[in-house]
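Down below are the structures I want you to see.
Common to both upcoming complexes is subunit A, partnered first by subunit B, then by subunit C.
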Partner chain A sequence: MPRRHRETATAKAVVAEAQQRGRRQRSKETYREISVAEFFAKNRELAGFSNPTRALYQTVRELVENALDATDTHSILPVISIRIAYDDELEAKYGNPRKWFRITVEDNGIGVPPTVIANAFGRVLFSSKYVIRQTRGMYGLGVKAAVLYGQMTAGRPVEVVSSMQESDYVYLRRLYIDVSKNEPKIVEKGQWRKKGRWHGTRVTITLEGDWPRARSRIIEYIKRTAVIAPYAEIYFETPDGEIYVFPRLTSKMPAPPKEAKPHPHGIDLDQMKMLIKRSNARTLLQLLSNELQSVGTIMARKFLEEIGLDPNMNPKKLDNDSLVKLVDSMKSYRFRAPKSDHLSPIGEELIKIGLKRMFKPEWVDALTRPPRAYQGHSFIVEVGIAYGGGIEARNEPLLLRYANKIPLLYEEREDVTYKVVSGINWKIYRVDFPAPLVVLVHIASTKIPYKGVGKESISEVPEIESEIRIAVQHVARKLRVYLGKKAREAEARRKIITISKYIPEIARSLAILSKPPTKWNQPSEKDEKILVDALIRLVSRNVEVPKVPGLEQSDPEKIVRSVIENIKLE
Partner chain B sequence: MAAPVDKVDLQARKRAAKIIHEKFKGVLKDVLSGKPPRLIIPKRTLANTRFDPEKGILVMGEDVIERELLNMGEARRFMQTLLMASIIYQALIENEYPTIRDLYYRGKHTIVYRDLRGRLREENTWDEQSESDAVIRDVEVFTGLLREDMLILSKEKGKVVGRMKIRSGGDVIDLSKMGHGAYAIESTPDLIEFLEVDAEFVLVVEKDAVFQQLHRAKFWDKYKAILVTGAGQPDRATRRFVRRLNEELGLPIYILTDSDPYGWYIYSVFKVGSIQLSYESERLATPKARFLGVSMTDIFGYRSKKPYLSERERRNFIIKAKDVDIRRARELMKYSWFQTPKWRRELRIFLQRKAKLEIEALASKGLRFLAEKYIPEKIETGDWTE
Partner chain C sequence: MPRRHRETATAKAVVAEAQQRGRRQRSKETYREISVAEFFAKNRELAGFSNPTRALYQTVRELVENALDATDTHSILPVISIRIAYDDELEAKYGNPRKWFRITVEDNGIGVPPTVIANAFGRVLFSSKYVIRQTRGMYGLGVKAAVLYGQMTAGRPVEVVSSMQESDYVYLRRLYIDVSKNEPKIVEKGQWRKKGRWHGTRVTITLEGDWPRARSRIIEYIKRTAVIAPYAEIYFETPDGEIYVFPRLTSKMPAPPKEAKPHPHGIDLDQMKMLIKRSNARTLLQLLSNELQSVGTIMARKFLEEIGLDPNMNPKKLDNDSLVKLVDSMKSYRFRAPKSDHLSPIGEELIKIGLKRMFKPEWVDALTRPPRAYQGHSFIVEVGIAYGGGIEARNEPLLLRYANKIPLLYEEREDVTYKVVSGINWKIYRVDFPAPLVVLVHIASTKIPYKGVGKESISEVPEIESEIRIAVQHVARKLRVYLGKKAREAEARRKIITISKYIPEIARSLAILSKPPTKWNQPSEKDEKILVDALIRLVSRNVEVPKVPGLEQSDPEKIVRSVIENIKLE
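So, the complex of A and B:
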């Protein structure tokens, strides 16, 4: 599938407002326009590059997300290697604080066309992901923010080596971003004939970072990525030479997301104008039924007639008032809900596999909810819950948040997921804190309503909030059933212990009482043993120990024997 | 092994041991055949105590408790009951006389078992003696044998003197030849054999001091009596002994206590049994016992009856009843055996006058007054309360 790389007004709009905010902060007297590259260079915290710690973390994140977008989104089983290394050269040059790092991420993805490499890595707001499709990247900003940060701190260009699947060549580009022009400035180019069948991309960025501080977050980020991508093979080498390997556990992958047309409920005035400009529809009817999803000809005609617009008129001739009316009426009209077959949820099975590997829990379950929509964007909520086993007990659930398969680590308390999960009364589900509980929530959508371009927390959209709640409650109910069984099992075991500890005393007493007074003799050890055995049988046959799924069925007789094995009668 | 025992003793042992053995056969059978064993024990609660007007004693009702081994809440008590029974059983067979304290120590073991997590834990078969004492009571109700039947000893408290000879432990004892002392009523009153009896009634006095005074005054000799005291709240042996005197020898029993609700309760224990331990009444209570005094009408007179105390003496001796006395009296009024016309009158006067009197007050009028006037006159004129 050929990819369209372009800049869009939508993405620009995202930053326009912030840009304005930035301008207001500076001079009030001299006016000039700055490029979007310059804007992000000056406001790098907006993209998540506020300090060397966050910058290191954010760079890993942007590169890994691009690598995954280039693989699983295109049905390629990902092999991803991440390497963070001290940059000895810079260290020799600038002295010895260990703060210069080379971050290299290599994938086996589709590669980047040689003609596009420069723009993809050197022009802010240039992306192949400005389509309605569920991808990790969405703003066309991420890797460029990292490149900018790198060149501003370490003064080094980004290095990209890439080859497309069908290509016979491997291409190399080393480039800077010209901040004032928002343009790539290539400093080195190369190309080789491929020997093997390698395809993919390797990106290296050099920057100033703080490894000791970023360490735990980066490891956590990679682990959490591995949780929901058990089909990926991930290598990670730290600057200290530690190596983390997450082997592939399954070759089952989520179906790749498909591109969707915009839904009439989610379209705004600008988007509509753009749509009309690009479309070759000759009538309003054609425009609506061809360019929008969930709108058929009959529906479109009925709608247009209801709002009093001529279905046969040329959309390019619409005046501004009619345009506003069209867009506005569309938002509330009863069109079919947005289609969701282009979404790519992780799926219950993969969630369970991932949670099992990472936490070795005694119990795990997951749920993928049916698709829903908010403001014309379809979304799917998935929830996984893991309990017990290797999970450490904490005072609140360990929350794993994901949006379009990206782990979210920062701003937890701002997130709608946190709001829902912390508001749940876990007692109802037999969970008493501190408890070993992990709750995973994934939201897949053609548009994730992030709170900021740093993509760390999700806004409180009522439809999403309610879906999360339903999903968590649903899985939690299953947990309650499990914990109920377990409690009953424990109760049965407690019962066995409470009773069987008395077996030896009872056996001895009965042995004495069983000797008739006329033919009295002190009972022998054998007499007692017969009674002990009879009592063991009696207790173990009459106390039912329920089977707990996932746990080994306990043998009542074994429990009885272990309880009394130390009791000696004087 | 204990010293050689006499025939009566041996017979009692055989009988008790046989009953215990039979009673626990069921449990043994259940265990061997894999059936969850249970002990069905009459309930020893107040709610399960009722007055049997025919027999004139307190008896246990029909309620039973089932003590099951396989019930978490009952397993411990089940074990304790068997343990206690086995100790008593073995003691019977081996001719021993354990005290309840001995039984407590003999049965007290530490059980070291493994808990859910595999850790070793300790538990005692019983901790306090109060716990093992309660188990003895369970064994008593379960087997229908009293501890006296099972030859368990307790502290001796009751005393007796009088015109009578008995045999105990093979010795013949003349109860009229005790000097200033008295024969301590043994823990196993059923092993006493009554030999010669030359008495016409039995006088049971509440207080040990009054017993001693009457004894030194040779009251029993002069009036052909047997004199008994339980020294306060009577123990089981004293009650059983009194019951046998009445039942086997047909001697009338007169009870002399203070004139207050506490004294009346002691009379009640002799007569119908103790409310908490109704299971013993069948063998310990003496339903024909009579309350001789001191009665309210003795103090205040009634209709034609002249009081034994003058106006001045009343002023000096009478003690004002306290709230607890009033409360106790009200409690007694509810019991059916206190609802005879005479008892109602007694209690009514008490509640009106709110007055009580200690028996020593009568003695202070002179021992002779008590021994030679008050008691004989009341018996002669039939002036007792029933």
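So, the complex of A and C:
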């Protein structure tokens, strides 16, 4: 079976000796299974919890993203409050001041059913996010990783208070995750009648953190969240007692995403088996046209006939080989592209509102591209560009990356967006660095191809890369038009200034010359003024000043006049 | 409880309407738990299986790494054979030629116990790698992800044939992973008596792949594996029938890593609870000094007294707060650094052997740094540098990255090693790019801080970054010395050449001048030769040619002579 190798006598001795050692050691090889909770506890850096700084940031993220998923995904205008506080009690107990934090995030969302709270916060891979629909959460992992981190460092349970919209009660749970079993261990339970109409969820996690180092990232994260969700009202209180308020700028919200059926290009063998098991379809034809999106009866029949499968056969009777053939052929068959109503892009208007609030730029524009698909997952790319005004000049564009409305702050250089934006020759678009340029890129998808479960950077999927490039170039061309007009206007103004400088002198000379020589030494103020006015009109009419929207607009006469006044002041 | 916001009448209407919509949708929110197998099947790109190209590469990797872990970790000189073949049977069934592959990897390792085979290949997070010891595998995930990918694309089970060293039987298992339950589903079982003394494991996975695109990476991967494991014998057969053989270059193997106890700096609360549960220690003092490494009785007592815990108390009676305090204080207490006998560095000699085989360079050197620790995990950095000879000149160093003896090929620019090596000013070391420079960096650790479960790039841990920098600089300084000597020698040769060029002319003139004028037109060959020899001796003695080891060494007289001969030939 194996090709044996020839060894020299010496090598053989070494091998024998080594194998002896190996044999002595072998008995120590111990196999065991760990729970998925233990896996992510051991390897918490995979979920973004690599150190106290990242952990503080990541916990805020996970809680805020859950809060937004519980509101805007369900057409509720979000009111989110975030509070990070020093935990004085732990400090008194353990020492190490300024190291223990309580993070509380509260939303006005749909609430979590009381029967589900414990699992939703205390069981890794238990989630409502395992459907085909655009949500911020995706893995069913983030908040549990935060709970794990909290209990591993501060030894405190997560506290959840929640009430659903139609419920008359508020429910409380305090719980740990039993790491070896991956299940919640409730330590406190409570419920009481609601007095008002409050609904939503409030989560508190206690953990070891590093506020001074995490501070700027967390503030930036919340700011960028406000940029992309200007319909949200966000309060943020820091451990130092600073309060940031981001008021709601608009009540217009993106349409919430609908749940979708899987697309034939993105389905794999195991998924197909599950579909067949769960479906009521009695024929292959019914299966394809009922359980998949973008597949009509006609197309399904045509496809099945092409690959030689009987449309009327019972899908539960497909043998393994036919199943593989079915799934494999579907991947390359020309079905219609996936639908996009399970996506919820932000829209050009909201992007512009957000960028204006954050930067007060002199120019802003945005583009939402039509939906596209990769490997059966639909996605939409949106791009906003802002220029000038309150933006600081930098040596490269300030890049704001978003994925399903989540701002991404870490690992920028590994992101497909960075690759595209840094690869663009901005000179073509009249941008000369250092320049005050902000580029926002949002990717909305039922499946964001993150590089890791920490959700910080996006893989280089060719379809996505190409859409980003097209969108950035499109908005950048508009920027070029604007900057072109601006340059021409500046040129025209320079021209006016050059000519205008001579007007007083010419006017004075003309005023003198137009009189009889005896009066040459007594110029009349009045004559001179008439001549100046005439010359100003003349110049203003002949020099074209292009109109640029958004820029301070003054009529040419005014410009000429102000130039002359400035000369006189010199 | 929540701070309510004020809304205008219009906004209120919008909110009400949106909340209505939300309420209608809410009932659709469905929670469910998925198994860890389903998680990695859904998100297979996390484990490196993002497309047929990567999947083919990643499958080879996972199998080869398991094969090496089964051999050198147990002091067995590895014999590994890798075979990638087109699966003609599937091609005939499904069409799509050149798309279906069978990958078979066989080792002469310790074998897998027959009772364990099914779980080791069919249950995600079941593994022998969950101990503190340096192994290539770490997550208990890779080979199962390959099995999942195979069954999802080609619909075929994994086939495992294995026999342990002391066993008289060979066992066969063919199995799928039941994705929704995360458990193996055996479809074929067999066992037979061994005829020879074979032991080891042979695994075959059938999958969809893309050989033309994966080819160069896979070959590179195997080559680099051979560089770092010159004690292994590796056979590789491609689907096109090419055969690569990497014979064993040495029988010297690094000492295998031992299993270690956890270090107090790297332990968290849940681990401590598990330790207490499993330990027989009856006092806190016993617990710390028996169950942790680098903690002696004296130090343990001192530490416990400092934090105000009774060394004689029963650890099972510690309350939660005291536990947190214990674990938290341990993190910063000055215990001894972790031991390194659970690490298995390659060693300077093997690195040099490997680099010489791969590149046949004119100069090579290597350094193994002493063990260090980060967050309680010990690690060792090793660096090899090769220069000139068979190395192609490039605009930056050719970087060979290794982690626990695994070559890393993807995501180079995200790796801490790239950051360090590309940040070095090579001019200081007399290297002017383009230059023929190879830099090999190996990080050995009980826990490699990979950025993702696909194990392709390493995070920027400050302690590791600093060690890499020190090691590269150290070997680079030796390179500078070599290149300095080489430059001086070249300079000296140039000098000899310059002087030597005039020797024949001077000799001839002297030969003529030293005779009476009547014979001026009949120079004697003999006189001239005597003079030339004398001059050569003179020049050779006065021009210093530095000795450089490894370079072709010729004595100065020879050099001078050859210069003169060359002149005559012109």
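The working rule: the second predicted complex is superposed on the first by the 511 of 570 C-alpha atoms of A that agree within 3 Å, B and C clash if a C-alpha of one lies under 4 Å from a C-alpha of the other, contacts with A are read in each partner's own complex, and residues count from 1 in each chain.
The rule is simple: a contact is a pair of C-beta atoms (placed from the backbone, for glycine too) under 8 Å apart; a residue touches a chain by one contact, two chains touch by 3 or more.
Please read all numbers here as calculations on a predicted model, not as lab measurements.
Colleague: Considering only the touch criterion stated at the top, classify A:495 as touching first (subunit B), second (subunit C), both, or neither.
Modeller: In the superposition, A:495 touches subunit B alone.
Colleague: Classify the contacts of A:419 with the two partner chains as first (subunit B alone), second (subunit C alone), both, or neither.
Modeller: So A:419 meets neither subunit B nor subunit C here.
Colleague: I want to verify the contact counts: of subunit B and subunit C, which reaches more residues of subunit A?
Modeller: Between subunit B and subunit C, C touches the greater number of residues in subunit A.
Colleague: Please indicate which partner A:339 is in contact with in the superposed arrangement: first for subunit B, second for subunit C, both, or neither.
Modeller: After superposition on chain A, A:339 lies in contact with neither partner.
Colleague: Applying the document's definition of touch, where does A:116 land relative to subunit B and subunit C: first, second, both, or neither?
Modeller: In the superposed model, A:116 contacts subunit C only, not subunit B.
Colleague: Which subunit A residues come up in both lists, the one for subunit B and the one for subunit C?
Modeller: none
Colleague: Give every residue of subunit A touching subunit B within the complex, in rising order.
Modeller: Touching subunit B: residues 490, 493-495, 497-502, 504-506, 508-510, 512-517, 520, 530-531, 534-535, 537-539, 541-543, 562-567, 569-570 of subunit A.
Colleague: Where on subunit C does subunit A make contact in their complex?
Modeller: 1-5, 7, 10-11, 14-15, 18-23, 25-26, 28-36, 39, 41-43, 45-46, 50, 74-77, 79, 81, 90, 93-96, 106, 108, 110, 113, 116, 119-120, 123, 125-128, 130-131, 139-140, 151-155, 161, 164-166, 179-180, 198, 200, 202, 208, 233, 235, 247-248, 251-253, 256, 259, 268-270, 274, 320-321, 323-325, 328-329, 411, 413-414, 449, 451-453, 459
Colleague: Touching subunit A in the complex: which residues of subunit B?
Modeller: On the subunit B side, the touching residues are 14, 17-18, 20-21, 24-25, 27-28, 31-32, 34-37, 69-70, 72, 75-76, 78-79, 82-83, 85-86, 89-90, 92-93, 109, 111-116, 118, 120, 123, 125.
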